[in-house]
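What follows is chain A paired twice: with chain B in the first complex and chain C in the second.
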Partner chain A sequence: MTALPPPSKVKLGLVIDLDTCVGCHACVTACKGWNDQGYGAPLSDMDAYGSAPCGTFLNRVHSYEAQESDTPSKIVNFPRSCLHCDNAPCVTVCPTGASYKRAEDGIVLVNEDACIGCGLCAWACPYGAREMDGEAGVMKKCTLCVDRIYNENLPEEDRVPACVRTCPTGARHFGDLGDPESAVSRLVAERGGYDLMPEMETAPVNKYLPPRRKGAADVAPLTPLLDVQASGFAGWLDRLLEKF
Partner chain B sequence: MGYQQPKLETSPKVSDEVRRTTCYMCACRCGINVHLTSGKVTYIEGNRDHPVNKGVLCAKGASGIMQVTAPSRLRAPLKRVGPRGSGAFEEISWDEALDIAVGWLKPIRETAPEKLAFFTGRDQSQSFTSLWAQGFGTPNYAAHGGFCSVNMAAAGIYTMGGAFWEFGQPDWDRTRLFLLFGVAEDHDSNPIKMGIGKLKSRGARVIGINPIRTGYNGVADDWYGITPGTDGLLILSLIHELLKAGKVDLDYLSRWTNAPCLIEEAEGEEKGLLLRDVLGKPLVVDRQSGDLVPFDTPGIRPDLAAVRNGNRTVFQHMAERYLSPDYAPEAVAERCGIAADRIRALAAEIAHAAFDDPVILDRPWTDFRGERHERMVGRPVSFHAMRGISAHSNGFQTARALHVLQILLGSVETPGGFRFKPPYPKPAFAHPTPHSYFLPGRPLDGPHLGFPHGPEHLALKLDDQTPARIDKGFTWENPLSAHGLMHMVIPNAHAGDPYKIDTLMLYMANMSWNSSMNTGAVMEMLTDKDEDGDYKIPHIIYSDAYASEMVAYADLILPDTTYLERHDCISLLDRPICEADHAADAIRWPVTPPDRDVRGFQSVLVDLAGRLGLPNFVAKDGAPLYRDYADYIANHERRPGVGPLMGFRGDGSAVGRGAANPDQIARYIENGGFFQVEVPEEATFFKPWNSAYQDWAVSLGFYDQPQPYIFQLYAEPMRRFQLAAEGYHERQPPDHLRDRIKATMDPLPIWYPPFGDDVAGDYPVHALTQRPMAMYHSWGSQNAWLRQIHGVNPLYVPTKIWQAEGFRDGDWARVTSPSGEITVPVAHMAALNENTIWTWNAIGKRKGAWALDDDAPEATKGFLLNHLIHELLPRKGDGLRWSNSDPITGQAAWFDLRVRIEKVAAPVEAQPAFGPLPSPVPPAKRNRP
Partner chain C sequence: MHPAPSVILFTVLSGMGFGLLAFLGLGAAQPLGLAAFLLWGLGYALAVGGLLASTFHLGNPQRALRAFTQWRTSWLSREGWTSVLTLLLLAPVALAAIFGGLLPPMFGATGAAMALLTVYCTSMIYAQLRTVPRWNHWTTPALFMCFALTGGAMLSGHNGAGAILALLLGGLLVFAFRRGDGAFADAGSTIGTATGLAGQVRQVAPPHTSENYLMKEMIYRVGRKHSRRLRIIAVLFASLLPAAIQLFVPPLPVVMGFAALLHLIGAFAARWLFFAEAEHVVGLYYDARPAAASIS
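Our next item is the complex of A and B:
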């Protein structure tokens, strides 16, 4: 119902390193803090101190366990936010044009003035990346901090999304994934970055870097200097100090 | 609908003003930029210039904005008007509150200063609060280290003059293998995350050794799901393997440690002590001349294999012990829950990282013997550990073992290894010894806490040799209790053992809830009365910023400010925030004024000190020296020219040493809330022995003369306590402790089963807690954002137990320990040691506390393991109260806990449940904003 723009040359997005993310939630609250006072309506918290607190978050971290046979169970921490898809189903489903993808950089946004709170876009998004604000009644989503990344009131080094600026492990990277020579594109190429749920044909801009292989190092076993039990402590000491 | 897009303002104004101060959402003390708009705090981000966090900020830090607006903030001083524990209070003026406090404290000071017990919790101003307590004259002061991580700190100081976190860190830029032992998410939070990020980006290996594979262990390249309490045994087995293969740094050991020092072997009062010259310097044999010479003699090559008159070196004693088959991987594998071939592989990986590809820096330096070295050669393997290995009754020896392992590898203070942070290194002998001599109306004879070197330094009363301290710190029960035993204060005061007290003053310590063992009983102790109907602990003064569970159990509440409304100093005299390449300190300042009738607790102490006439706080004529805490920070001098802050001293240009500067705090504010000074390049490694570092440290006032020293693989002070237990000291331990002292105070690291294992037959399961990275103690649950991340804390159960008990999602379990039981919700987790269950700590709340609704999940499903952990060991039939603590330091042995677990029908709410407390603050607004 809402048209997508022609594919943009610049595709701003995030590259999230699942090998490095420790699941600390720093990005979650940095995002909440910035966007509570930034783009559009504040991110409300309903029943904030009660039995069922329910707030709007544009970015959440989920921790999963994965166990393959005969290996110890592994933990993967998975940050989830809007992937700014090229074929964004949340945009095309919007009945009012409130959901849109920017022609110049590919960021998917909600024009809150035009949003009627119908929630169709949240149903259409296969990633669960949109949240209806309980107080404002409009749809909220990651803006890629569009009010930071071009903001001339911020020092240049701070013109990155709040989640990227705050990430203590450096697991979040921001850049132009439309430029194959950009640092983020090279990282994706080097580390085998992948699309989330490619079968949905949403063509997400954000990429995830997979966890590296885990397990023992390939190191030769240690060789005893000699058989201590047989040769005695003195023999061992002599042999050791020969090297010294 | 065709394509359209609205016009967007992409350069909105961010805020009116940015004020830079120091975070207090945990103990990490990062720099923060606090944005204000129309006078209100609107956004908090990390300060890019700050040495600790370099711009990043954790989940807690960014949520500070919810802390400064938390509905749980106390509003005015409170006086108890109903029975203690009932929560009946009335708001009073500060004048009345201070009059009440002085009315209790002044008579005590004049007659029996030990009747005040002043213990601070997550205090970041211990150099100040301890000075206050010294001036008061009570021996009963400590902060919370005794129930936190004193084993880690004390073992590090005794072994090498520093430990992890505030004392030192891995060389994140150069290490190639990083091993993380046990629960560690809760200290040095951002620097470790930043460090792990660096390792990951360089492709360095990270190994987690932890019963629980969460957080950092989740991203570790390899994981060893060790059985709790056996880390020391694993480490000694690694040492066994390394020694057997000769993979130790002999040159390093001979030059920089007491490995070549000779140990007296003749029977008698000197047995086991180091041979010394007439000046008391340990002796070594020079390999070149064969002479017996002091260890610091220029030009010598100390001989590790020397034998003189039957006296052998420390190195030989060590090698003989650890080469024993008792430490072979096969011998320890079952106990540790790690296969022997995995232990061997780990030893091989450590040896490979340390020795096959050393890090070499072309930085010439000169050592304390006067020898010049053209290069700095390092062993790029590093370690970190914190609560996990230390909160056991064998934690001190385990932490010692870990430090000894690092030293054997030659990786401490070498490139790629572990690096001290100024003002460390600082050996045990350069710290104070404990002081506990008290007299009515007089200050204490010195600092309360310190490092004993023998029985002569114990805190025993001179007349009857009974404990001088209410927590029995520095007694034969736990001689090296460098941080005190906060967890024993209330039980001992209630029991009148070793004596009764009058007033208990606590700061920021939730002792009627998550900060105490045996929580339900502690609540009873706080409200218990004697035969005359008086409370057994007559007066309780408590300072906190928030409506914590402890508020209801105090008689007088002195409401503190939040961290954005106060002055503080993060001082080199205290718990520093330096990094390996620079010294740093910092301040907090009121970036927003309090909107309630509250005062920073430190300023209240300054006020009380003036009213009580405490030395160091009043002039000769009795007039107060300081207006408030900020005035103290700028003008107090601990030694001439050395004060709480090192920057902008004198006329503003002096660093470290210089006269007090009344403009100092303003200069810190201008500078971003902190000050830092770089370590000279020549001084960056080998600091304990590096003349350039020693001179730099003296110039900054860390100490007054160079104090090079050698690492104590063999900890002689421990041997002195053993000698006493063998009968060789004028101070003698009571007979019931003699054997335990002989066994546990071994001067070389040992492993013994945690005391909790005594009941392993009936309680086969280990139970642990850890703190989520997004929460700090009990503070997080009042935070509207953080409680949405961690609002419940299921009990995580490993697959073996999950299947054996037939658990399903949504089930509940009864968990029973020798001292209590809880009924709680369970969840399955496979990435666990198969005999270990665990939960997040301090999520569970008492109804009515923290301005949460009574039906908040924290109060209905949240729970504490504390109910299962007794502060005493099970009775032995001897009538004695045996503390559930490490027998060396007194560290609370939280992680010794053994339980059994069974499936039960779901109760209405988690058990035990306690009645709701009336809230001392108005109900919270439903929604925000």
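Our next item is the complex of A and C:
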């Protein structure tokens, strides 16, 4: 049913640290690797070895340069995937009921057996989180690795989304953003995590942590070393030499 | 947005068809016998043909029947229902006219209302999208309704109404073009709100080296350089020329057919622009700056 459920108590989602992300695209590869072989139609590639390869991905990493007037410009690597919005516009526009938001944990999913591939949900999403599979003709999107996080056949440390598990810098965090005491919620509170395009009023569950402020330090790091106070014999010699 | 030919064909033809069916249902023209067969047949052909064309862009059209299930929330689903109901409600009216009888006007009027509701549902599929600021406005349903009514009036031989509606349509088109140019900026989404980054933000490395589905579908920019000329063609052919012909040329069937043809050309140009000029906010992530500012 494409009516949105009442806001769930548990809101599973990601917190992405833009300060830590180095833009290695390992999350993109891990995501494609996992989602190629389990849940739903595999993520097809069209013209994979040709001049214009085009594939289906559930996660993309942009790199931006942000230039503020008072600081040096900084490069920010920016992973972009489904934000599992509380007020998901992609769900309500679906004519077939294929697109839905889970009442128990808030994950937004597509029932591919009911998807007619009209593409309207991709139009309704401000974040470009949905991509039509060129081969299967059904809409693909981040499942938050729903087939990993509850999978008791996997070792416990693997029961997180593939992108989180693989991130070499720990820039991706997974948890319950509906619980204010969870590690991810505290991280968001401490670091000032924010929503993307708040003006769209989609109420995203995923949050982004801003890059830490960088620039010239107040005191140059080597300055304290210049002010050496010699003591003992060296101190006596220092004072003696200053007399001449 | 990518101007998919199937969707342009669908919205223009079915809009015109439902407009004609509305006029016929209201009894604005009461043909009998062969004339009824031809006129009602034209209305049904346009409406059904358009609906069929709309299935060409589906990834899995064999499941299209499922689209009837979500009428509570989805305008696309509602459109499916209203279009089928219109065709069913008007069928006895059409058959009665063809075989020389007439049904009480209630039948036709209900069908006509449903036909207009269908066009409204079609327009709301686009107008509901906050992600496309140019569409997210009352001008979208107004334009779709006005196109349907103008086409319907012309095809059912109502010159006076057709001329007035065509002129109204022209005014609406000009207003919608102008308002649309500022819509993206007014909606307030920028690369700054999209990324949450402060200061001047530009993309230094895209996430992929060639175009993906998002870029092909929603970041369409080819041909915008012709939009000025196409706007003039749209207003001239959809509105001014047909209005002038209906007002000043004797209403011979050939002349009226020619006027309708001109209107159709203008309608296709306008609908192409409706898609090609519409900018989706996802383009901000790809640093595809709104082009509207450079047009007017």
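Here is the rule we go by: the second predicted complex is superposed on the first by the 216 of 244 C-alpha atoms of A that agree within 3 Å, B and C clash if a C-alpha of one lies under 4 Å from a C-alpha of the other, contacts with A are read in each partner's own complex, and residues count from 1 in each chain.
Here is the rule we use: a residue touches a chain if its C-beta (ideal position, glycine included) is under 8 Å from a C-beta of that chain, and two chains touch if they have at least 3 such contacts.
Small disclaimer: the values here were computed from a predicted structure and weren't measured.
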Legend entry - Partner chain in contact with A:Cys167 - chain B first, chain C second, else both or neither: first
Inset, instruction - Could you tell me if A:Val219 is touching chain B, chain C, both of them or neither one (first, second, both, neither)? - result: first
Legend entry - First (chain B), second (chain C), both or neither touched by A:Ala203: neither
Inset, instruction - For A:Glu65, decide between first (touching chain B), second (touching chain C), both and neither. - result: both
Inset, instruction - Considering only the touch criterion stated at the top, classify A:Leu187 as touching first (chain B), second (chain C), both, or neither. - result: neither
Inset, instruction - Check whether A:Trp34 is in contact with chain B, with chain C, with both or with neither, and answer first, second, both or neither. - result: first
Inset, instruction - Identify the partner contact of A:Leu241: answer first if only chain B is touched, second if only chain C is, both if each is, neither if none is. - result: first
Inset, instruction - Please determine whether it is chain B or chain C that touches the greater number of chain A residues. - result: B
Inset, instruction - Kindly classify A:Asn153 by the partners it touches after superposition: chain B alone (first), chain C alone (second), both, or neither? - result: first
Inset, instruction - Could you tell me if A:Val76 is touching chain B, chain C, both of them or neither one (first, second, both, neither)? - result: both
Inset, instruction - Determine where on chain A the residues touched by chain B overlap those touched by chain C, and list them. - result: 1-3, 23, 25, 28, 51, 53-55, 57, 63, 65, 67, 75-76, 97, 114, 134, 211
Inset, instruction - Could you pull out which chain A residues touch chain C in their complex? - result: 1-3, 18, 23, 25, 28, 51-57, 60-69, 75-76, 78, 80, 89, 92-98, 114-120, 122-128, 131-134, 136-139, 194-201, 208, 210-211
Inset, instruction - Using the touch rule from the top, collect the residues of chain A that touch chain B in their complex. - result: 1-5, 17, 19-26, 28-30, 32-34, 36-38, 42, 44-51, 53-55, 57, 63, 65, 67, 72-77, 97, 100, 102-103, 109, 111, 113-114, 134-135, 146-147, 149-154, 157, 162, 165-171, 211-212, 214-217, 219-225, 228-229, 233, 236-237, 239-241, 243-244
Legend entry - Residues of chain B that touch chain A when the two form their complex: 1-6, 8-14, 37, 42-46, 48, 53, 55-63, 65, 71, 189-190, 193-194, 196-198, 200-201, 205, 213-223, 225, 241-242, 244-247, 250-251, 254, 304-305, 316, 319-320, 323, 325, 342, 344-345, 347-349, 351-352, 773-774, 782, 784-789, 791, 829-831, 851-853, 855-857, 860, 924-929
Inset, instruction - Show which residues of chain C lie in contact with chain A when the two form their complex. - result: 1, 57-61, 63-64, 66-70, 72-77, 80, 125, 128-132, 187-189, 191, 193-214, 216-218, 280-282, 285-286
